[in-house]
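Two complexes are shown next, each including chain A; its partner changes from chain B in the first to chain C in the second.
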Partner chain A sequence: MAIDWQLATVTAVRDETPTVRSFTLGLPGWSGHRPGQHVDLRLTAEDGYSVERSYSIASEPERAGEVHITVERIPGGEVSPFLHEVVVPGDRLEVRGPIGGYFVWEASLGGPLLLIAGGSGVVPLMAMARHRARAGSRIPARMLFSSRGPDEIIYRAELDRLAAAGDGFVVAHTLTRQQPPGWTGYARRIDEGMLAEVIEPLGAATRAYACGPTALVETVANGLVRLGLPPDRIRTERFGPTGT
Partner chain B sequence: MDERIAMMHDDPAVDLTVDGSAVGGLLAAVFGAEMTATPGQCASCRTVSVVGTMRAYVRGPGVILRCPACAEVVLRIVQTPRGTMVDARGAAYLVVDRG
Partner chain C sequence: MTEQFVTRAFVGRRDDAETGAMGGGERRRRTPPGQYLTTEFPVLSAGPTPRTPLDRWSLSIEGLVSNPASWTWEEFLALPSRDYVVDISCVTKWTHLDMRWKGVSVDTLLEGVYLDPKAAFAIAYSDGGYTTNLPLADVLNNQAFVAYEYDGKPLAPEHGGPARLVVPARYFWKSAKWIRGLRIQAADEPGFWESLGYNNRGDQFLEERYTGD
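Here is the complex of A and B:
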């Protein structure tokens, strides 16, 4: 298994929100990945000091020769401030991957598909949504996405486009701290009632993927089990490979 | 290799525990295979669980994986300048997938 470190070239940098930025990593020798997998990124200082972080892959595997990662800037962090403030296109970063085989969804696994995200937990779920669209899948899919406020919704415009495509992808937002005037979405933390409403059109055979802070993921996993979803159809990821 | 290396997920906003999936890169480097989708058995309570669902503690000097059912330690991995130390006494078995 090829798990060696390889050199990626940053080919594009894009702001998603005031505190979240996406990086396109050019990887000519990339072996391909599955939606939901992550990469490890290693930074090494001149004195040899080195740190590693895991970042979920945001891009779909149909995109050859590159992966996208989306990074939330964590004040006081060792890696994310560097990525935000220092890294520009043309820079090179050490990467290894793809990593992970559990928190993975591909169109060939079937559906219906339920994606539940808190904050930058949306990143691996975005890889699944992008893959679903790019593969021409019409598997019914719904995303429930919890953000703090309207300016903090990562991928907002792209999610609107995916939902407008008319191929069976629906997005429901909840804004937990601040809602704009006229907001018609949810305005509270994810709870069992919200989960029941979102999953209802999909039915009990749904495959569910939840990623975000631990408390959100626990609420979602326990709530979905109480709503009758078999535990083996619920896959969770507690904020590890995202946003750090 | 600098002894400060290891997996240092010490950003303040990171939860104390993450899923086993998060340390898949380290596990792949140690075992030479993708480990997070394969099962392991807790030697303490005998629960079999997928490694990706075990609780991973990554903020210490090494990585600790605990059983999601009983919270006992299944695996300890510490990287030092001399090499990688693997303490697997908490695992009845782990499956290394050569597929």
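Here is the complex of A and C:
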């Protein structure tokens, strides 16, 4: 019944943005997970000093024997700079999971589905989007993704591909600080007007998942309640600047 | 894993300085295993922040008691209160030392309700439907309080205001935000997170994070 620590082997490392990197963790004994869940990671020094952090799983459960995590490098942090600067394929890391049973969506729960992300808050939502595609679901789904600038959009190319698949997945970006020439997406922080536009085609039976900094999640959750979504259909996950 | 695994090339950022308000030794002693120290107050909640107007707010003690009690907001504020300075640990790994609160001891709330001899558990319930379960042995004798101020200011809604339970000796999910009452029971009953894979007791110094820990 206990969730035991397992040894994962890092099998691939990929840069998503200049400050965000994904790690593929090979886990032969992985029991599977639900999209939205996380793992705990433990780093231990030779003298026994150890630290733990939680990271959302980015990959879909259909991927057997491995999970992907996506880590933003927090300057001055203890764990994320180590993962970025030291960890290479072949290294082994202790992990345990999956953990968390509420901020979870799978195709069997139905939709329509609204995913709202700020920055690296996109990670657990990406697991849901990847699962939806991989499971062949055609549940109407929309993602509203807030990033600071064009170079900071995590998973940008893959999100473009998912949105081009023609299976009912739509992505809207907003860039809050810097927009490239010719930008046609939103160019401001998420507000109630933006939420109203994004949710309109989905309707009031939507299941909404929001993950990001506290201010964004508060705005989104309160806004969706005012737009008529029942509070029990709004699930939130937050991270502050302390998730180092 | 019986033999301790060592992460290649990991040293860690040790905080051993004997400077500041307290020494490195004391900081280490007060930091539960697997936790890191922060001076921030991160927010975590599963859904939207409920907002109940104060004129419709009440706090109730019900269940296995002879005299169920209920207080309006004004009545609650008139109860004997005190200042608390406590260390808080969240299962998401942060620990914040010396957090300053003002609130009413659960002992004060239970004065005069007359617990039934079979009473053994308190189920805290909140606006928005959140619940968490605690043995009475974990909340009596000044181990828990209902806070309405943090750091000298009214408790903000995202931190559980107008009032939240605070149980410093347990992971912070036991400190129910937006509390509206305690239901006293003979039998234990897992609450929201306790039903979703988190530990039933949640003692941070025993690292009781998840089911089976």
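In the analysis below, the second predicted complex is superposed on the first by the 238 of 244 C-alpha atoms of A that agree within 3 Å, B and C clash if a C-alpha of one lies under 4 Å from a C-alpha of the other, contacts with A are read in each partner's own complex, and residues count from 1 in each chain.
One rule holds in what follows: a contact is a pair of C-beta atoms (placed from the backbone, for glycine too) under 8 Å apart; a residue touches a chain by one contact, two chains touch by 3 or more.
Nothing here was measured: the structure is a model prediction, and the numbers come from that model.
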Combined model on chain A where chain B meets chain C, clash or fit: clash
First, second, both or neither for A:Thr236, with chain B first and chain C second: both
First (chain B), second (chain C), both or neither touched by A:Gly48: both
Most chain A residues touched (candidates chain B, chain C): C
Touching partner for A:Ile99 - first (chain B), second (chain C), both, neither: both
Touched partner set for A:Ser80, first chain B, second chain C, both or neither: first
Partner chain(s) touched by A:Ile3 [first = chain B, second = chain C, both, neither]: both
Partner chain(s) touched by A:Glu158 [first = chain B, second = chain C, both, neither]: neither
A:Glu66 touches, of chain B and chain C: first, second, both or neither? neither
Intersection of the chain A residues that touch chain B with those that touch chain C: 1, 3, 40, 48-54, 78, 99-103, 214, 236-241, 243-244
Chain A to chain B touching residues, read off their complex: 1, 3, 38-40, 48-54, 74-80, 96-97, 99-104, 213-214, 236-241, 243-244
Of all residues in chain A, those that touch chain C in their complex: 1-5, 7, 40, 42-46, 48-54, 78, 82, 86, 91-94, 99-103, 214, 217-218, 221-222, 224-225, 231-232, 234-244
Complex contacts: residues of chain C adjacent to chain A: 1, 4-14, 34-36, 38, 40, 42-50, 92-94, 128-129, 158, 192-193, 195-197, 209-213
For the chain B and chain A complex, residues of the former touching the latter: 1-2, 4-5, 7-15, 17-25, 28-29, 32-34, 36-38, 50-53, 56, 58
